[in-house]
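One structure is given here, and the rest of the page talks about it.
As written, the chains take the letters A, B, C and D, and residue 1 is the first residue of each chain.
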Amino acid sequence: VGTNRLEAFSDGVLAIAITLLILEVKVPAAASGRLGHDLLHQWPSYASYVVSFAVIGIIWVNHHAMFERIARVSRTLLFLNLLLLMTVAFLPFPTALLAAYVNRGGRDAHVAAAVYGLAMELIGLGFMALWVYLARTPDVLVEGFTAANAAAAVRRTVVGPLLYLVAIALAFVSAPLSLAVYGAVAVYFVLPGREARASPAGGPTPARR
Amino acid sequence: VGTNRLEAFSDGVLAIAITLLILEVKVPAAASGRLGHDLLHQWPSYASYVVSFAVIGIIWVNHHAMFERIARVSRTLLFLNLLLLMTVAFLPFPTALLAAYVNRGGRDAHVAAAVYGLAMELIGLGFMALWVYLARTPDVLVEGFTAANAAAAVRRTVVGPLLYLVAIALAFVSAPLSLAVYGAVAVYFVLPGREARASPAGGPTPARR
Amino acid sequence: VGTNRLEAFSDGVLAIAITLLILEVKVPAAASGRLGHDLLHQWPSYASYVVSFAVIGIIWVNHHAMFERIARVSRTLLFLNLLLLMTVAFLPFPTALLAAYVNRGGRDAHVAAAVYGLAMELIGLGFMALWVYLARTPDVLVEGFTAANAAAAVRRTVVGPLLYLVAIALAFVSAPLSLAVYGAVAVYFVLPGREARASPAGGPTPARR
Amino acid sequence: VGTNRLEAFSDGVLAIAITLLILEVKVPAAASGRLGHDLLHQWPSYASYVVSFAVIGIIWVNHHAMFERIARVSRTLLFLNLLLLMTVAFLPFPTALLAAYVNRGGRDAHVAAAVYGLAMELIGLGFMALWVYLARTPDVLVEGFTAANAAAAVRRTVVGPLLYLVAIALAFVSAPLSLAVYGAVAVYFVLPGREARASPAGGPTPARR
């Protein structure tokens, strides 16, 4: 079994999840003649749209890079990938939660930001699970990408879930600040590193999630 | 006519249905300062999201395995496949129903769980109809996969619709319990069996729905 | 320019439109302890889901058959195809309208059924416009499928828009009856005709919309 | 890295965004027995559906033409493309805004039309950013399409963002008029120019956004 249909299905889910995000940006209901004001007031909707779009976009880039290292699809890989997709497809919900609660202040805003971080944490763990599996199952890898390369990817990937734990704690201090942190992490991953030009032998790029 | 475009269309529908599930997880409306509590209270939303995601994911895996055994697409096959997709694309509705009613208790919870089971039943029958057709139309099968193999798949497939009938009856005893059963069946199908490595000659995997 | 990306994009739009239909089937809001009754009462939602799903499914089959006759994509063809997709992607709206109004009776039910017919009419005209263009632009056709074949397709295609006009008139007599007619027409198109096995030289299948 | 998966993902996002537009056309809630009147009254919903559908359709055509000129995908190109997709996937929101506010009159209608124009402006700038990048990075271009060709495309592309600025100003005079202008611009881009038959050496078509 090749990786083509698996990648196509994953791309489909990612493309849909990224495009569904806009459904959580709501048209202001109040017809108070102050639409401009109402639109500005719901800035968290736009901010969380941008951050979540960037997050899923980066996931797509790194997912693509990961699967360039995979030559064969096992049943375990199939279901680990479904597990990852389950966490990514969940993201529109915490995004909507954040948009709805972040500028209300109070404890609810902190909870919403923490739940968003929790969703990011699950995505990060989903990615790490795949890399751990690849490090332990080198026979599914393409030639030139070894178990050692995959293990290095695991070590680098663990940064994500660790940072998200910090951000979850931070959410209870300031919700907008934690949203800024999620955005900053996304921007960081966008910046080209020394492994900018992904190639099967190049290694590090797929680990940068 | 080859199977490529048929598979691509089916993948598209399955990818969309699986990703739309999140739209049924609603942001709590009440701004009571108890968002944490409200989020925990709607646990059936998350549970039914996970179960339905797993169900559609497994359908995708088995649909893929089935079409690896098919060499030619007939008009009948085309429409039987559309019928199956119609039942799968329907799943977000009973999922939302379950999420909304399961923890209200009373007769409504039982009805919601039974309707969910009914939707699963229809999916199971849709899959079985395809296998029955394949068992009777061996000239559309790939070389090495015979009518006898397809008939064996029918016998194994019938387990699904039978189990779902039991689960529907169970729904009237306890709605959360029936949701647990649907989840357990999904987990069971995820576990690799002796036919774990699907190959055109391997047979049983596609029948495991 | 080949037809591959055009077909893939069209398949995407059709797959999404067909899967979005379920979003119009609403979870009953009233928690009256009579969920079973409430679910039965909204039968028009399920009926219009089934009919619209069948309609888009058949459109997909016939769109596929049409593009097997096309060898080259011109800019005009590109935009005529977008026009057709615009009418098909519109279908979830009249479907929801029908579901909401058909069993309320009164003039509103008639209007909803007529609007549904109007949407079908536009789809039929969109298909016919493509066939007319193909009949007049034989240099985009595959070898073995002539302008005369395309002209024959136009003549057969015109049946659709004519029948839908009748159905629109019928909608003002009885809304459920007109829904039954739309369903019957869909079933008719599903039945295999003498041209069941579509081939570039076979002709009639693509015209059966 | 080739352009195939990038194009497939972009097509997916565009196909979903274009099909989601219909979700913003709402079924009239009032059951006043005047459904016909209510449906006519919400004409801005249909108008903005048609205009936004045409806009995304044209973006798809031009995106396709642009990527026919690209031979290699760099990391920068990947993220510039994601940025463009982020602006296009945002369009359902201003579309819904326009539909909800344009025929209420007053300042809100002007604001809604201006926000729609702002979204178009961002899309136009996103396209221009890609062309500017291509003009400065000729080594990713296909043979026969030079940096000079890309620079010409930049010059032609700048027309879009400039026109949209005018339309935004116009929105404060008349909201329906500005919607008409957006529609007219879309129609203009549909008309075949002297560069109607896109070919890698043909140049101008991709610049016509």
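Convention: a residue touches a chain if its C-beta (ideal position, glycine included) is under 8 Å from a C-beta of that chain, and two chains touch if they have at least 3 such contacts.
The model shown is predicted, which means the values in this text are computed figures rather than measured ones.
Asker: Using the touch definition from the top, list the chains contacting both subunit A and subunit D.
Answerer: none
Asker: With chain centres defined as mean CA positions, report which chain is farthest from subunit D.
Answerer: Farthest by centroid: B.
Asker: Would you kindly tell me how far, in whole Å, the mean C-alpha position of subunit B lies from that of subunit A?
Answerer: About 26 Å separates the centre of subunit A from that of subunit B.
Asker: Using mean CA coordinates as chain centres, what's the gap between subunit A and subunit C in Å?
Answerer: Going by mean C-alpha positions, subunit A sits 37 Å from subunit C.
Asker: Quick check: what residues of subunit A touch more than one other chain, meaning two or more?
Answerer: In subunit A, residues 8, 12, 16, 20, 23 touch at least two other chains, as defined above.
Asker: All pairs of touching chains?
Answerer: According to the stated criterion, the contacting chain pairs are A-B, A-D, B-C, C-D.
Asker: Give every residue of subunit D touching subunit C within the complex, in rising order.
Answerer: For subunit D paired with subunit C, touching residues are 7-8, 11-12, 14-16, 18-23, 25, 27, 31, 33-36, 39, 49-50, 53-54, 57, 60-61, 64, 190, 192, 196-198.
Asker: Across the complex, what residues on subunit C touch subunit D?
Answerer: 1, 5, 8-9, 12-13, 16-17, 20, 23, 74-76, 78-79, 82, 85-86, 89-93, 96-97, 100-101, 104, 106-108, 111-112, 115
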